[in-house]
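Below: one structure, written as C-alpha cells.
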Amino acid sequence: MERVLRLVISCPDRVGIVARVSGFLAHYNGSILEANHHADLEQGWFFMRNEIKASSIPFNARELAAKFAPIAEELGMSFTVTDTYVKKKVVLMCSRDSHCLADILNRWHSGDLPCDIPCVISNHNDLRGLVEWHGIPFFHVPVDPDNKAEHFAEIERIIDEHKADSIVLARYMQILPDSLCQKMPNQVINIHHSFLPSFIGARPYHQAYQRGVKLIGATCHYVTAELDAGPIIDQDVVRISHTDVVEDMVRQGKDCEKTVLARGLRWHLEDRVLVHGNKTVVFK
Amino acid sequence: MERVLRLVISCPDRVGIVARVSGFLAHYNGSILEANHHADLEQGWFFMRNEIKASSIPFNARELAAKFAPIAEELGMSFTVTDTYVKKKVVLMCSRDSHCLADILNRWHSGDLPCDIPCVISNHNDLRGLVEWHGIPFFHVPVDPDNKAEHFAEIERIIDEHKADSIVLARYMQILPDSLCQKMPNQVINIHHSFLPSFIGARPYHQAYQRGVKLIGATCHYVTAELDAGPIIDQDVVRISHTDVVEDMVRQGKDCEKTVLARGLRWHLEDRVLVHGNKTVVFK
Amino acid sequence: MERVLRLVISCPDRVGIVARVSGFLAHYNGSILEANHHADLEQGWFFMRNEIKASSIPFNARELAAKFAPIAEELGMSFTVTDTYVKKKVVLMCSRDSHCLADILNRWHSGDLPCDIPCVISNHNDLRGLVEWHGIPFFHVPVDPDNKAEHFAEIERIIDEHKADSIVLARYMQILPDSLCQKMPNQVINIHHSFLPSFIGARPYHQAYQRGVKLIGATCHYVTAELDAGPIIDQDVVRISHTDVVEDMVRQGKDCEKTVLARGLRWHLEDRVLVHGNKTVVFK
Amino acid sequence: MERVLRLVISCPDRVGIVARVSGFLAHYNGSILEANHHADLEQGWFFMRNEIKASSIPFNARELAAKFAPIAEELGMSFTVTDTYVKKKVVLMCSRDSHCLADILNRWHSGDLPCDIPCVISNHNDLRGLVEWHGIPFFHVPVDPDNKAEHFAEIERIIDEHKADSIVLARYMQILPDSLCQKMPNQVINIHHSFLPSFIGARPYHQAYQRGVKLIGATCHYVTAELDAGPIIDQDVVRISHTDVVEDMVRQGKDCEKTVLARGLRWHLEDRVLVHGNKTVVFK
C-alpha cells in the first residue's frame, strides 16, 4: 500500500486557508491523494484533512509538521501529521460477549484494519483463548465492585505499559473512570447498543422492547465523562417487528454493533474523525 | 380489485384458536387469501388477521360478524369484520407544510390509498387551493391560543359531521385535546419528525443537530394522552453527515416523514395494525 | 438564501491544482462556503466544486469565468461558473403515472427545488389538470407509433422554445431519439424503475418478480444513446418479500422512484454531478 | 431453549388447509408457538410453517410425521417435521478469504447458530488454524484444474462421511459439480458478492466499479446447475460513492456478504425457507 502522510487541521474559519495549506503542499511538490474540508459556518470553524503521497515530498512526518508549524501558528490551527507506516496502538477491552471482539480481531488478522493491538483487557476470562490464538496478550482484570479504584489502576498501568494510542471498548460493559477518559481525549471508543440518544444506560434492548420501536440501533462514540453522551462517530439501525422478543433484538443488534464499531474504528484509525465540541466531522 | 372481508381478532392465547377460527371459515367454504397470526408469549395474548374472498362465503360483513360472535364470546375475543368495499373515512389535518398532505392526496387521487377523505382541516389557510383542486372540502379553523377549547370544539364538530373513522395529523403541529383522542382510540395517526423516543416534542431536527446524530428519522404512531408516546406503527431513518445543517435535515427528513406516514396509514386502512397496551402488531 | 457562485472544474490530475484554484479565489478574497475535490487516481483525472459567497467577490459569474479562463487554459480544465440566482430551466416529461411528477411539482411549489419549470410535456392528457393547477403550461404530444419522427420534432420544438437547460423524464415511458440526447449531453435525466444494471428495459418489476429478488430498486441516470446504460446519479432499494406480487412491487417501488429522482435532480441542479466517461462524481 | 417441533408444509392451495392442519394439532393439544402461512395465488400453491412446543404433544418428530401422513397424502402435501434438539450438520467450504468463515464460526462458537459443523473443506490451507482452534476438523483438498473430477470426488466422499445435511459455500470460489448440487437440492447455500441478477460470475466488484453503480450488494442463494441463478434467500446492499475504488468495495462488500450469509443460513437452519420453482418463501 502506498505510504501516505496525513495532515489534519482544525481552526477558526477565514478566507484563504485552503489556499495557504494547498500552496504550502504544492510548494514542496506534494501529491495530494485525497483531500476534504468542511467549514462549519454556524460555529465559524474550519476542518481539513489531506492525504499526501509520502514519496512525493522530501520530508517525513516530523519534518512536515515542523515546516507547517509557522502557518499553523499564524492561522491559529491545531493540527496533526501522521504516517500510515506508523500504526496506532489500540488496546481492546471486552467482557464476555465475543461478537465485537472476534470481528475486530478477524479484520486485524486479515490485514484489513490498519493498527497494532498490543493487548486485550477483560474483566472476564472467557475470551482468553480467542485472543491468544491471534497471538495477542490477554489480561484478565476482574472487577471487584468494592475496590474499583484498584481495578482501574491496574488497567491504566497495562494501558500505559503498552503505550496505547487508543482504546476500544468492544462491549466492555463497565464504565471507565473519568480520569482515564480525560487522559486520552477522543481516543477511547465505545459501542453502545442503541440508537443514541434513545435508551441510554443499561439494557437498551429491553428498553427498546418495552417502548415498541420498529428499528433498533447501535452507536459508536468517543467516551466522555457523561454516560453515553460523547461525540458520535457512526450509527446504524436494523428493522425489527412484533415477532422479535428481546433475545431476537440482542442477536440482530449484534450484527449492527459490530459493523458500526468496525466502521467507526476504521475512520478513527485513518484520522477521518475530527471532534469539535460534542460533535464530529467525519471525512469519508 | 377482489372484494375481501377482513376478520381481525385479539384474545388471550390458548391452544386451538387457529383451529377454531379456520374451522369456522372452512365450514362456510371461506377462501382465505391471506392470514397472519402472532402469539405474544410473554403477555399470553393472541392476534390474528384473515382476508377472506367475499364471493366465497354466503355472508356480508355484518352477517359474518354475527355468525362469529358466539366463538368470540367463548374465547374472550375482541374482533372486527371489515369489508374492502366500505372505505374508511379519514379526515386529514395539516398546518402550513405541504409535503405530507400533498403526498397523501396524490396517493388517494391516483387510487393508491383505499379510503375516503371527507375533508381537510387546517389552522392555516395556505393549503386550501391544493386541497380544493382535489375536490375535497377544506376547513380553516385558526387556533386562538387564548381560546383553544372553542377551536377544538369546532374541529370536533367538523369531524363528527363528516363521520370520520380516522384522523391523520399530516404535520398538524398542534396537540389535540385528550377528549378527542380518547373518543377515537387507535384511530388518530400522527407523524413525528424524529426517531422516537429520541427528540420528543418541539423542533426535533434542531435537537438532532445539537446532539450530532448521524441518522435522522420519522415515527408514525397512534396519538395518546402522553405527547409522542403512543403505540408506534412504523419508523424509518435517513443518513446525514456533518455537512448537513438544520435546514438540510428538515428537507431530507420530509422525505422520510411522508414515506413513513403513507406506509403507516396504508397498514391502518388495511386493518393490519393491532394495538395491545402501548405496542403494535403489524401484519405486513 | 445566500447568493452563491459555483465554480465546477474537471481536468487531468497533477500537483498543485487546488493551490492554483484556491489561490485564485483567495486573491480576490472569495469566501468559500463549501468545497469538494476528488482525484480519480486510476484515470488520472481531477474534479472540483467550489461554492463561493457571491457578495465576497467583486465579480458576477460571467466576470469570474473570464478571470479564471487563463488558469483553466493553462491546466487543461473544462469548467463552468453558475449563479444560484439564475435558475436552471427544467422541462418535465411524463406519461400517465403521476407519482414522480406530483412529487417534483410539490417540491418546486414549496420552494424546495431550485429551478424553473417552463412547461410539462406528455404523450397523454391525464395529468394536465395537476400541472395547470401549478400554473405551468402543459403540452399534450401524443405518440403516433407510425410517425415518431414528427412527434419528437414537435417535442424538440417545444423544448427549444422554452429554452430548457435540462429535461427530466418523470416516468415518460418513451425512448427519446438519440439526436435529442446528444443535443443536451448530461442534461437529460431519467428514472428507471429497477436497480440497474438489473432488469434493463420494459417491465422491470415483472422481471424482478420472476427472478424472485428480495430487494427492488430505482436508478436515476443521465440518458445516453444506449438504453438504461447512461451514467448513474443515484440508486436506492426497498425490501420486499414473498408476499409481494407485482402490484405491490409497483406500489412500493414508486416511493423509491420518486425519492431517488428528486435526490438526483437536486444534485444536478446544484451542479454536484460531474460526468466522466460513463460514471459520475457526486459531491454531496 | 424450549424444545420445538417444526411442521413445514407445501401443497396445492385449496379451501380448508389451515383448518385441517390446525385442527390436527389442536386435537393433540399442540401448543403453537409460531405459525405462518402463505398462499401464492398466482401459482395456486400453499406454504405453511408451524412451531409446536414439543412438551405439549405426546409425540416425537417421527411419530408426529407418521400421524400427519394421512392428511398430507389426502391433500397432496409435501412436508417435513424437524426437532430443534436434532441439529442439522453443516459442512462449510471456503477458500482463502476468512471473513465469512470466521463470522460463521464465531456465531457457532457463541451458541448463536443452531447447527453442528462436522468439518470445513478448503482448496487452500490458509484457514486451517482458525478452524482447528474452534475444534473442527479441516480438510485441505487442493483443486487440480486438470483433474477436477478427482478433487470433487474426494470432497463428496468427505461430505458423505460427515453425513452433511447442508453445505455452505463461505466464499469457496469454485463451482460445484452438478451431480453434487442435485444430490442435495436446496441444501447447498452460496453467498455471491453482488446484488443478483446484476454482475453474475467472476469479479463482481470490478464489474460494479466499471458500471459506476451507487450501491453494491450480496446475495445468499441455493446453488443450482445454472451459475448464480438459484433461488434467492436474502440480499442486501451498501452505499458507495465515487471515492470508492475496487479495494474499498471489496472491503465494504465483505460486511454485507457475511451479514447476508449469516441471515440466510439461520433461516435455512430454522426451516424458514421454502423453495418453489426458482423462488423462495421465507417465513421470518
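Some points to look at:
Chains: A, B, C and D, in written order; residue numbering restarts at 1 for each.
By definition in this document, a residue touches a chain if its C-beta (ideal position, glycine included) is under 8 Å from a C-beta of that chain, and two chains touch if they have at least 3 such contacts.
To keep track of the chains, here are their UniProt names: A, B, C, D = Formyltetrahydrofolate deformylase.
All figures in this text were calculated on a predicted structure; none of them were measured in a lab.
Contact count check for C-D and A-C (C-beta pairs in contact): higher for C-D.
Matching A-D against the pairs in A-B, B-C or B-D identifies B-C as its interface repeat (over half of contact pairs the same by residue number). For the pair subunit A and subunit C, the distance between C-alpha centroids works out to 37 Å.
One inter-chain figure worth recording: subunit C and subunit D are separated by 41 Å, centre to centre, where each centre is the mean of the chain's CA atoms. Counting only residues that touch two or more partner chains, subunit A has 34, 41, 241, 243, 284.
On the subunit D side of its complex with subunit C, the touching residues are 38, 40-42, 195-199, 211-215, 217, 231-237, 241-243, 245, 278-282, 284. For subunit B in complex with subunit C, the residues that touch the partner chain are 34, 97-99, 102-103, 106, 109-110, 112, 129-130, 133, 241, 243, 251, 254-255, 259, 262, 284.
Subunit A makes touch with subunit C in their complex at residues 15-16, 18-20, 22-23, 25-27, 29-37, 39, 41, 56, 239.
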